[in-house]
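Shared chain: subunit A. Partners: subunit B in the first complex, subunit C in the second.
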Partner chain A sequence: MACTIPPMTTPGVDSYIRQKFAEHAGLSEEQLFADDVTLAAVISRSPKMTNSIDLMEAFAKTANALRKDYGVRVRLPALPLDTPTSTVLKTFLEEFERQKEATG
Partner chain B sequence: MSVTDAEQTTRRSAVPAGAPAIITDLYDAFAQRNMSLVQVTWEQQRLHESRRWSVVDMLSAVDLDALTPIDRNLVWNAGRAELTTKPGADRLERQSRSEVDRWRDKNPVVANIMEACGTWSRYWNEEEAHHETVFLRLAEVTGMETVADETFIDFRQVFPDDDMLRTLVLLAFSEITAAVNYGACQHVIQDPGLRRIFKQVAADEIQHRNYFVAFAKALVDSGEYHAKDAFAVGHLFLREDGELGGSAREKVEERGTHVNWWDHLETGEGDFRPDALEKKEQLICGALKKITGIEVNSKEEVEDTWMDLVGS
Partner chain C sequence: MYFSETRLTLPVRPNDLDALGHVNNAVALEYLEAGRWDWLAQHDLVHGDRLISVVARTEIDYRAEIPRGRVEVRTVLDTPDAEEYDPDSITFRARFRQRVHLPGAPDPAVDALVTVAFLDARQRSLVSLQDFLAAAAAH
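Showing the complex of A and B:
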């Protein structure tokens, strides 16, 4: 299922987040986003994850990469494990744009 | 004075004069001071013996008819919460065993640390048995809803294994949460006998926290475990809507595999919730410093430090 990208999104950020998150989860982008799986399913499918701490770490690494390459610091809220990956991506993008605007 | 008299007056004792204490630098104790597992176990045994108390004696001092609805609700919650400790201790014993096997040839000092941890789990389990039975018995005799056998069995589900450092840090923070909760309960309890029980159990939990911190610190000191995993658990607890929020969180996960007691606290008719979040935050930051040597003073600093340690 395709994700709804928030308006005024910085070009390239969407695919950058998908790519980094997939890399840190040890899964392909298709495995993560094609079926819009939940975070619980991501943990279960990922060869790198045991539980939600590993998921938290994959988000943190993605956020750190964003900070390094785009200069924007994103802080994600605690997301329930039944959250679909499309919502995670949307939250990531919204937070990115919000922080980018706040830090000018 | 005969030779025999002189021998009697200088008779050596197997028990040292000093008070028993937790070995807080366990890695150095094994790696630098060459302490053996027999010696470390001896220290665990004498500390355990020095802290023993009787559930029967403590219960005898409670005036059952003086307990308020809030008191009874606190007792009921505590009893259910303590039910989940046995599977935690059983898991610790099993996981320590597998870590010993993993490290035995690669790093014998880490194997020793893990064996000391697995050995100590028997004292932890025994001490927690006091907590569970004292509260459940009190709840039962004061007419609170009985814990159904099905609930009892649900709450005994063994926790899934995780990285050992993360496990120990999570247990340290759980003990902090329990100790602060029981400490807060003492302020609303009127009956001296019941107050004494909560005080004793809180003191036990702090001692358990100290053990978990010591084992976790030893793993970090060994260089085989990374401080980032200690901070990950810190962030898991302290973040907005994190584990520290317990049953007050907007969304409590269905864990499926096991029961975390903090997900299931119920305020009942008294509406008293022993949160004390600032105190817990302060103690978690203190524990992280002892374990990793990195000083943090707030949940924001915990998150920042963890993000830095994680890298990209």
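Showing the complex of A and C:
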């Protein structure tokens, strides 16, 4: 399933999030996003993850990188392990735009 | 100042010993837990009822026998270290380097890396190290 990128997304943020999350998961972007795998599958495939704590840490590192490079603080809500990566990416982008607008 | 190493001296209890007369491997984990509680106390951090820490992973090497007597548990926050730690960022894991020493012995009898995570006990969801430290410092 293709990811539906929210309208009015800051250029480059989508690929930045994909790249950073892949880096912290120890997987390629293709492995993460091509088949729209679930978060449970991400944990299972990742050489860096053994449980949901490691998954959250990968999200946190991606969010920390966004804050440093774009100046926007993003906090993801708790996501069930059957959430597909397309939904995670969409949520990340929506939160990014919401926070960006809120902080002006 | 970042979090410094703490040292806790504990007596080896008679019931800590197994049939060989040395400390049982499972008891070493209790010594490490006592070391982490002491680490919190030494840094004026109070473990509350709402935000709690849980052990997510333990890597442990048993390097020498621990006989009857006393041990010293040395605990230091390994990750994030002083350079990595940013109160404005988010991290969900903290890793402690913990070593159990016999009196006067330069090398540890037990060498462990313990990864802890943080939970909101009411919501049963993960919280960050930064949230945990803020709550523990406020108690």
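Everything below uses one rule, namely that the second predicted complex is superposed on the first by the 103 of 104 C-alpha atoms of A that agree within 3 Å, B and C clash if a C-alpha of one lies under 4 Å from a C-alpha of the other, contacts with A are read in each partner's own complex, and residues count from 1 in each chain.
By definition in this document, contacts are C-beta pairs under 8 Å (C-beta built on N, C-alpha and C of every residue); 3 or more make two chains touch, one makes a residue touch a chain.
Since this is a predicted model, take the numbers as computed values, not measurements.
K.L.:
Sharing subunit A, do subunit B and subunit C clash or fit in the superposition?
P.N.:
clash
K.L.:
Kindly classify A:Val72 by the partners it touches after superposition: subunit B alone (first), subunit C alone (second), both, or neither?
P.N.:
Neither partner.
K.L.:
Quick one: is A:Ala63 in contact with subunit B, with subunit C, with both, or with neither? Answer first, second, both or neither.
P.N.:
both
K.L.:
Looking at the overlay, what does A:Val37 touch: subunit B (first), subunit C (second), both, or neither?
P.N.:
neither
K.L.:
By residue count, is subunit A touched more by subunit B or by subunit C?
P.N.:
Residues of subunit A touched, subunit B against subunit C: more for B.
K.L.:
Using the superposition on chain A described above, determine whether A:Ile17 touches subunit B (first), subunit C (second), both, or neither.
P.N.:
Neither partner.
K.L.:
Applying the touch criterion given at the start, work out whether A:Ile53 contacts subunit B, subunit C, both or neither, answering first, second, both or neither.
P.N.:
both
K.L.:
Now for A:Leu81: first (subunit B), second (subunit C), both, or neither, which partner does it touch?
P.N.:
After superposing on A, A:Leu81 lies in contact with subunit B but is clear of subunit C.
K.L.:
Tell me which of 23-31, 59-67, 77-85 or 149-157 in subunit B produces the clash with subunit C after alignment on chain A.
P.N.:
23-31
K.L.:
Output the subunit A positions appearing in both contact lists, the one against subunit B and the one against subunit C.
P.N.:
50-53, 56-57, 60, 63-64, 67, 75, 78
K.L.:
Note which residues of subunit B are touching subunit A in the complex, please.
P.N.:
160-163, 166, 228-229, 232-233, 235-236, 239-242, 251, 253, 303, 306-307, 310-312
K.L.:
Show which residues of subunit A lie in contact with subunit B when the two form their complex.
P.N.:
Of all residues in subunit A, those touching subunit B are 50-53, 56-57, 60-65, 67-68, 75, 77-78, 80-81.
K.L.:
Quick check: in the complex, which residue numbers of subunit A touch subunit C?
P.N.:
50-54, 56-57, 60, 63-64, 67, 75, 78
K.L.:
For a test of understanding, state which residues of subunit C touch subunit A in their complex under the given definition.
P.N.:
So the residues of subunit C in touch with subunit A come to 56-57, 86, 88-93, 115, 117, 125-126, 128.
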